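Here's the structure we're looking at; comments come further down.
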Amino acid sequence: MKNKILISLLSLICFAASYYFFSNRPSQHEEFATVSFSHYVHTKEHKIKCVNCHRGAETQMRAGIPNTDYCSMCHSTLINPSSERETVIYQIVKNNKTIQWRTYYNLPDYVYFSHKRHVNLGKLDCTACHGDMSEQTSPELKNYNPIEMQLCFNCHEDKGITTDCGNCHH
Amino acid sequence: MEINRRDFMKLIGGSLAGLALGGAAGAMMKLPKSMEAVLYSGPRIESWKLTACTKCPGGCSLKVRLIDNFPIQVFGNPLSPVNEGGICSMGLASVASIYHPSRLTGPVKNVNGEFVPISYDEAYKILSDELKKIISQNKHDDVFLVTQTESRLRAGMFNKFSEEIGFKNLILDNFRTASSFPYKNISVDAPDFIDFDKCDYLLNFGSQMAEISNNPLYYTRKINEHRSKGFKITSVQPKLTPGIAKSDDWIPLLPVSFKDFALGIAYVLLRDEKYDKNFTGKYFSGFNDFRQYVLDNYYPDKAQELTGVPSDKILQIGREFENASAPAAYFDEAVLYNSNGTQNASAIIALNALKGFRGFGKIKDNFFSSMLGKDNESIENISFAKLKERLSGNESIQALIISSSNFVFNNPGQEALKKQLSSIPFIVSFSSFVDETSSFAHLIIPDHDDFEKIDLLFDESMGIPAITIRQPVVSQFFNTVDTGDILISLMKDLKPGIKIPFQNYSDYIKQAANKIYSNREGILMDQSKPTAIEKGLRKIGWNTEQYPSFDDFWDSLLEAGGWWNPFADKESYNPKIDFKQIFNKGSLLPKSSLYSLPNNNLRLNIFRKNLDYKGSMSIYPVLVEQFGSNWSVFYELWAEINPDTARKFSVNNRSKVVLRTNKGKFTAILIYNPAVMPGNLDVPFGLGHVDFGDNCGVNPLAYSDDLSDKQTGKATFSETLVEIVSASPGDSPSSAQIMTNENKMTGTESRSIYA
Amino acid sequence: MDNHQILDEDEILFRPIYQTGKGFYVLAAALLTVFMFGVVMYIRQLIFGLGVTGMNEPVTWGFYIISFVFFIGISHAGTLISAILRLSKAEWRRPITRMAEVITGIVLLIGGLHPIIDLGRPDRILNIFERGRLQSPLLWDLTSITAYFTASTIYLYLPLIPDIALLRDRGGRFNKLYTILSWGYEGTERQKHVLERAINILMIMVIPIAISVHTVISWIFSMTLQPGWHSTIFGPYFVVGAIFSGIAALIIVMIAFRKTFHFDDYLKKIHFNYLGTLLLVMSLLWFYFTFAEYLTTFYGHEPPEMRVFLYKFTGGYSPFFWLMVFCNFIVPVVFLSNKKLKTIPGILVASIAVVIGMWLERLIIVVPSLANPRLPFPTGIYIPSLTEISLLAAAIAAFILGFMVFSKLFPLISIWEIKVGREESVRIVSERLNEYLPSKGHIRKQIV
Amino acid sequence: MPKYGMVIDLNKCTQCEACITACKLENNVQIVSKENAALGRAMFWMKLLDSNFEGAYPDIRPTKIPMLCLQCDEPPCTKVCPVRATYKRDDGIVAQIYPQCIGCRYCMANCPYSAKTFNWLKDEQQIENEKCYNTDVSVRPKGVVEKCTFCIHRLQAAREKAKSEHRKLQESDYIPACAEVCAAHAIYFGDLDDPHSQVFKLINDYRKFTLQEELGTKPKVYYLSAKAE
């Protein structure tokens, strides 16, 4: 009886090991600066459009996240020193540090999703996938929509668009 | 069980080591910290830039694909007349070198064997001080400059430098100079191009036109075109490389007897009185002596005896050549890769003279020379031979300046060369890698990578002037300096009060471009080939190219990637040939021993593949892997042998053999190839780097005899004798069997592969 | 062992369950080490990928697939044989059936695991169930093997019930287990009747399933375009081969236990004689199929086919090929067709030879076809790595271990069937004979 | 629906191997280590099939055929895949879905052209190439089968481009890397069903042949060679 238990345990270990080695986790680079970004302030108060910062959204495959020098277009001067958030970003811009944005919509590297295709050609609204971010006052902690293949399929099937695997996996 | 356990331990150990290695690799990746950030959090914005390739003289226009301004891929520019969208493996792979882990990130100084990084100013100071010292002692003759740059403007810069400072010994060892050397040797200027519009018969002496030449992609297209027109190409070559296989006739011949073959053909022309009397009368001084000499010495049977080519074959080729209206007997640098290369070349020139060089042409009032200011042809630059004799002689060399040349790797007799180099008091190299040559340097000031440089390339081999501009597609990664700038500042320091019309190298380039602007002939490369109508309009002075200022022109030039002049006129090429000039250089008829092989010896015939240009492949892993892929030999030297010869030595296909030359033993994988000259052992050149790149395989030059062409000092590639010391039994029966299957594939079987 | 005073006339059959010698532990330890080594090697393969094996391109299938086919082949021993013997009311079957069925159960488990070992991404095994394509022969395989496994385990379990009941009644070790497993079998007439019926139904069912299993496995190969695989004969060829190796394995197991547990009184020479003859017949049959297959190839003489053919006959794999012929044909025929050599040791030698030979046959089928692709690429030769070898060893170890464990839990020879045989078969057989034979009176009428 | 196919003119091809390099770089195909290459695990989606030599020395010529996945119209590989990791698209391209593949290598065993390759070991890509990855193509993990897909990612990009320019997809928009870089212009690519396309004209050329025609796999990669007749 003992051997059987041992064997089963070992096989379990094998599978745990295999999963561990096969799973690909997004890499974190802690040495970069971090800010607590408020979508609310930018979009609601200052009426900045999504595509103003996520420039790729309409023209590129990736929406993209602005890097420091893009922030510096507004934050190169400290308008309201009382707000500590603003001072933080001002400092970062001044020392020209790089901001390590936490990306919550990480597609696996074998999925190819083109923002241009969906936003520009497909005329989809950002909220359709990302939800209404304008209310977020601090960095969100989870995806508004869990990004999984079923989500794509639902929409594609509703709209009668091809669901050929090769179009997204290559 | 014990055994098992031990093996198992070994396995685990090995694998763990492998893991550790993998981990380390990531860390080794070369990229400035500041840029890494962009790489990780960048918006992945794609952009395209045009630049030019400087891997070979062709000057193909490249389309570089950048993601967040990082070059990741290269393609050919379809609008360029040079490559028409095509590109070779070398060009495709060339991006990788920017990121190469063992690339030098800044100047380094050799402190008793160790290369320690130093600041640029320090490095520059050392260099200029050394040179100042030498000049003050006025030992100008003891300074040697070696450069292999394919860009003629860079070469021009080197010329200017050595002229201004007064260094006599500039060794300009690039393809173009070498190819035109035989012409210069008999003091005529070389033809610009083969006139494929006229030429109806091409006799190619040892040149791998479609693979390694001054414009491979152009020749690739032209050869197909030429043959589709029904014209013939005959190649005289010791090795049937894929490019040569395109020619209708292949004459397997050792380079030592190219001359004899050429004169054998000449005999046929003279005997049949089918030569161009008018030309020989006008331009060929001492023609009668030549005629007499050839008729006496090169009757077909004699030629057969000298070359081993059956006399009727010689007659056939001769007839084809003489009956062609505009035949061309073509050679290039490759002909020099044997001990009497220059002589061969002269003989071929003489053969052309008999048909009045009708196959060749020159560009009418070519404005390139004006562009260059002092063209490298204009000053008498010396050949590698001089450096060799100087090194071997007891005359000391004070300083050696090396730029983009790895001559230790590209030459035989490497042991001696290394010893001699280590005795030179001061060597400075501008190489981006610590390669075989620069490892002897006392100071290395790395040049930019090709993708960080600015340059201007042009080439007449198409019969039309085409200029491709190499622009930096990426801001320089590391603390590297363009060699051109160093030279300019050196000129200012070493020769105070010198008048230089430009501040830095890009100025220099701009001025050259300015000449195009002022000359204004031709069009930008951003439009397709002009139609006949357009050409007509041009003839009557219609010009659409309007630029308010030079700067606008410059910008559009950068955007278009180049400039060319489809309206340029050609003129026939009529050099003055002098018999004495040709044949008083060096003795005649060296009866070569290579045909009567001593027993159990073979000829080590080193051939070059198009994946490798002058031993520079090693830094591109994708090419190194691909190098032997169609024999499925990977990262190893292979030796191709004719099955019949192999049977004589009873060695199996794909067996590992140990080969011995006078220089020592080395191993290779033996491959049966029925297209190899009997008695030859064909080994590829390109592998075997030890100091950088993926060091694998063997460099056959390290084991070949130190023979070289008297005039040019070019290494000889096919005159070493080699013998097979031992052979492992064919390592894999399956493969051996399949290969033999192939070789004796019957018609039916081959059809089963086709259809 | 409170009540071992109850001495049964078949006590010897119970002995292995209650008495465990030192040898058992030694052997078990050794086998367990081998097995564990295999497991560790497999984990290593999971970490570093299939590169740790000797497989390459184009030889993309190696030891794992070979063992898979081989073990599934062995599995035919059991169920099929016992079913056929039961069906044909061969009275001498009684002591054999149990072992045969146990072989099937264990070996199917081992063989069935091999395709998973062979996968490059075992972590995605569930894709087969989520997005499986029934058009793929691999799926047919999955289905048929599971079906066969279920059927044969039940077919093993049902005849076991009365014996478990016996064990339960004796009490002692694992009594709870026995109580559960014996399903309250008391040996009443009705229970006996139901059991009989169930066994009869199953034994009819099992035969087509068993045949289908190996046919389907052969189809994995013959559905492809590979030269040397794409052949209709493969179905029956594999089945024959399977039964062939199965019988051999069965004989080996029987002899082994006969030796260790002194079953001489139950497994008599006659059994081995019969099985030996069966083996001889299968050997001839196997030769017939092999001959037929290669003859057609040779006369068809298609270049790609011929390359494989030559590779087997004269090329790199000729040693294995001729060894296979020697093991599968010459040895059995020599040992089994001649009275002097057809002793128990002789039969053992023949069987071992056959098992080895059949493994070689799987090798000969899998590798050479892959090593000689239609388009002439120069190919590397396939040399198995330590990983593959140790996993094969582990599989064999597991097989033996399984048997040892079983022998400690259940009787290796069906006790109740023996008892039934002893009590009734003489009567039953004579009745049956009377049914066959013509009656005397009838003959007299004819004469008059 | 188009039916994409390729025509390779062997009379033009000079075997410069640029297509091989281009393919390797375009598709992030792994560069395997020396040891594995020696074991016969080198990965090439496009390779030179060194078939045989024609004629007798010295008039001998090697007839080398650039081999890629022939994108059969009756693909044997898709028939046997247990998980639909490889399948034929409507436009005739035989696609390979790496995240779906379980690595049973059945498709490799059933490919009569040995056109597929397998990731035997974990990615041991040379670091020189790390930064030059093509961002449109996934880097395959170990244990999956891969093969030429006619640069399917380029088709996606081309469609997107055409759509954003409000026009139909033209022949020149979508062309695989190998065809793009060929210096001899020996590789033609296009829609085999479109009577105006160049490939359509070429596959009616008398020099046309396909590999292993008798297998009935109907390859969509055709070859032109005067020698073959």
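As written, the chain order gives the labels A, B, C and D, with residue 1 at the start of each chain.
The rule is simple: contacts are C-beta pairs under 8 Å (C-beta built on N, C-alpha and C of every residue); 3 or more make two chains touch, one makes a residue touch a chain.
Remember, it's a predicted structure, so these values are computed and weren't measured experimentally.
Engineer: Looking only at C-beta pairs that count as contacts, which pair of chains has more of them, A-B or A-D?
Structural biologist: A-D
Engineer: Central chain, going by Cα centroids?
Structural biologist: D
Engineer: Averaging over Cα atoms per chain, report the distance between chain A and chain B in Å.
Structural biologist: 49
Engineer: Roughly how many whole angstrom separate the Cα centroids of chain B and chain C?
Structural biologist: Centre separation, chain B to chain C: 67 Å.
Engineer: Could you tell me the distance, in whole angstrom, between the mean C-alpha positions of chain A and chain D?
Structural biologist: The answer is 34 Å.
Engineer: Could you state the distance in Å from the CA-based centre of chain A to that of chain C?
Structural biologist: Chain centres of chain A and chain C, defined by C-alpha means, are spaced 56 Å apart.
Engineer: Residues of chain B that contact two or more other chains, please.
Structural biologist: If we look for residues of chain B contacting two or more partner chains, we find 44, 631-632, 742, 745, 749, 752-753.
Engineer: Could you pull out the residues of chain D that touch at least 2 other chains?
Structural biologist: 38, 40, 50-52, 100, 122, 141, 211-212
Engineer: Could you check chain C for residues that touch two or more other chains and list them?
Structural biologist: 47-48, 121-122, 375-380
Engineer: Could you pull out which chain D residues touch chain C in their complex?
Structural biologist: Residues of chain D touching chain C: 36, 38-41, 49-52, 67, 76, 79-85, 100-106, 108-110, 112-114, 117-122, 141-145, 211-212, 215, 217.
Engineer: Inside the complex, what are the residues of chain D that reach chain B?
Structural biologist: Listed in rising order, the residues are 11-12, 14-18, 20-22, 24-26, 31-32, 34, 37-38, 40, 42, 44, 47-48, 50-54, 57-65, 122, 124, 126-135, 177, 180-185, 209-214, 223, 225, 228.
Engineer: Where on chain B does chain A make contact in their complex?
Structural biologist: 37-38, 40-46
Engineer: Mind listing the chain A positions that touch chain D in their complex?
Structural biologist: 22, 24, 108-112, 114, 116-117, 120-121, 164-167, 169-170
Engineer: Quick one: which bits of chain A touch chain B in the complex? Just the residue numbers, please.
Structural biologist: 27, 29, 32, 55-56, 60-67, 98-101
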